[in-house]
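Chain IDs A, B, C and D follow the sequence of writing; residue 1 opens each chain.
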Amino acid sequence: MKLTNVLGLLGVAMYLYGCYDGLFIAPADRFMGDIQRIMYVHVPSAWTTMVCFTISLVAALGWVAGLVRGKAGDGRWGWDDWLESSIEVGVIFGGLLIIQGMIWAKPTWGVYWTWDPRLTTVAVMELMFIAVLALRGFVEEAQRRATWSAVVTLVAYVNVPLVYFSVQWWSSLHQAQSSSDNVDPAMQLPLAINAFAVMFIAIGLMGLRARLAGLTRVALLADVGGEA
Amino acid sequence: MPPIAPSTTPATVQATGLSRRHGARWALRGVDLALHAGTATVLYGANGAGKTTLIRLLASAMRPTAGSLRWFGDVSPDRVRVATLSHHDGHYDDLTALEHLSLGARLLPSPRAGRPPRPSPHDLLMRVGLSARSGSLVRTYSAGMRKRLAFARLLQKGADLVLLDEPYAALDPAGALLVDGLITELRGQGACLLVSTHQVQRTAALCDHAVRLDEGRVTWTGLASDTVGHPSVERGPT
Amino acid sequence: MESLFQCVALAQKELMVQWRTRARFGSVLVFGVTSLLVFSFAVGPDSSALQAHAAGYLWLALLLMSTLSLQEAARLDVQNGALEALVLLPVDGRALYYAKALVNTVTLGGLGTLLIPVVVALYDAPVKEGALWLIATVWLGSAALVAPGTLYAALTSRARAGDVLLPLLLFPLVVPALLGSVKATEVVMLGDPMGRLGSWLGLVLAFDVLYWSLCGLLYPLLLED
Amino acid sequence: MQGHWDAVMLAYGLTTATMCVYLGVLLARLRAAERPSRPGDSK
């Protein structure tokens, strides 16, 4: 069993307990009430999204480093597989994050979208990485597709801190943004458990998706008897 | 495969097990080839045999998927010493012939020690017969005139390895004579030429060696003079 | 030093080529003016609303124009394999990028500057802090759109459905520059009591510095095949 | 502002369902991708 699969299964087990704890054992928030329990899936999704896109950065750097040293594609496709898988899983958890944010915001602040700097940054990041997936869909040649998506990933990732800063500055002009970060100790346990749980699950999913990316490339080449 | 012509200096370009894949298809597989200075080689084969892929790999316009390439004994291509005439003529429609050559003159480094100075744009235009139209935009040129300008830009480099991909295409008889003269002149100056063409007879008469490609593999190599009577040439590439 | 001379020669070439195809870039300007008009129809004749958001409309029009002008400029290189001929000459990839990006900035900055009188007239937008600041903001913001835009246009001009891909890639990326430019323009137009102009322009400048350097490093990687 | 259990369950349910569906899709595509090249040996 591959390490990523083991982590994935461990993550599932932790997730089950974490959700149970978050829903039924942890105390409700004094001000917001039970709606605040969404935190136990919302914050973990946020961290997981960031971890996924950081893995994409590492995969992109790995591929580009090989290019700069003059190596052709073969034998190094692992970087490209993990780039594709980390972006796809990152986009999925980013999407979940945004939807959870809206489900939480509507009853609490009366609007689906509050221009909270963190959520808005994730939304912009989400669009940037969806664009990378779109680009990969429009380029057939494996070598060119790997290089172009690595370059775009680098350009996009470097932008994230700047997006966060500019949105925070831009939105703080309108209304101060309150966030429930003062976490009661009894809440920290399920939060920590779920944070690692969702991350391990994401790693497991990325492992599978990377293998799939590798197989589809080999399958694409196999029908002509080409080796990877 | 033994190098075609024994020679002390390293081959101008040496390919070993050279392969290139486009997505699912192997355009070139396991090509071993050594070309030497002062020689001209005609490359022939059916459409899709991999001629253009081989030319683009030797021109370092493309990276090989497998195998290795050495230019002038070195792994990294010294592109100043390599000149290519490809299907795309590489011109800007909105510049004139003269402007292309003046730009080339400014972009190219001064010639290496012991090499003759670069011919001036006017001499080049004279050489390819474009002096009359040197001031009009390339957009207004015929296909033949565009090819002549491509020759002028190629000559401007004074390269040691010259790769010609179907030089005779879209040329009138006068233009074809120009190509013949060009091949003979460059070979005489000690350059190494690889000419990919379907006019095998005409080109073979000017070259030393011949290489035949079929479905990405080298299926025959030998002296250019042998191609005259060679069955595969008489029947024409399959 | 060598690639600096090459950059200058290439920039002159690019300027000449884009000047000679100015009819296409002229139509991009007409498109900008059309979109300004359409915005007012979309929002309605209430001039106070139009005036308040004039800065936003200007930058929306500029953003849409940038896509078209960047694609047009990239197509000039892809035609006849002109870019590849230069790469094989050889020409330093960075020199190619900076020559192209500089001329693209001149084109977009020029088009943007020509939009200003249209915005002032159409939306009756005041220019409290002076026209010079407005022009400076337009040029700084145009440079911010062009830096990554030139890199992306080199990609999308060689991909299928490239016309869809360029805005898809570019728009989310330029959010910080857009926010900074719109706020800076708004402050120049409606007055800057709290002296915020400097900091908004600083944000756009930071974006410029980041991407004018990073894209110059990454551009040569796209030339390999 | 007590209650809102419906919103909480929606958030948890959506998160869990998405992960399950994605896992299912991945496993199905992996099985399909592996079958032609090695029909005999099953993982």
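Heads up, the rule we're going with is that a residue touches a chain if its C-beta (ideal position, glycine included) is under 8 Å from a C-beta of that chain, and two chains touch if they have at least 3 such contacts.
Worth saying up front: this structure is predicted, and the values here are computed from it rather than measured.
Among the chains present, the centre nearest to the common Cα mean is that of C.
Computed from the mean C-alpha positions, the centre of chain B lies at a distance of 40 Å from the centre of chain C.
Averaged C-alpha coordinates put the centre of chain A at 16 Å from the centre of chain D. Chain B and chain D have centres, each the mean of its CA atoms, that are 55 Å apart.
With centres taken as mean Cα positions, chain D sits 43 Å from chain C.
Shared interface positions of chain B, i.e. residues touching 2 or more other chains, are given as 63.
Under the contact definition stated at the top, the residues of chain A that touch 2 or more other chains are 143. Looking at chain D, one finds that none of its residues touch two or more other chains.
Looking at which chains touch one another, you get A-B, A-C, A-D, B-C.
Of all residues in chain A, only 70, 72-74, 140-143, 220-221, 223-224, 226 touch chain B in the complex they form. Interface residues of chain B facing chain C in the complex, by the touch rule stated above, are 59-63, 79-80, 82, 84, 86-95, 99, 103-104, 106-109, 137, 153, 157.
For chain A in complex with chain D, the residues that touch the partner chain are 15, 19, 23, 28, 32-35, 37-38, 41-42, 45, 89, 92, 96, 99-100, 103-104, 106-108, 201, 205, 208-209, 211-212, 215-216, 218-219, 222. Of all residues in chain B, those touching chain A in their complex are 21-26, 63-66, 75-76.
Remark: chain C residues 2, 5-6, 9-10, 13, 16-17, 20-21, 76, 79-82, 84-91, 224-225 touch chain B in the complex.
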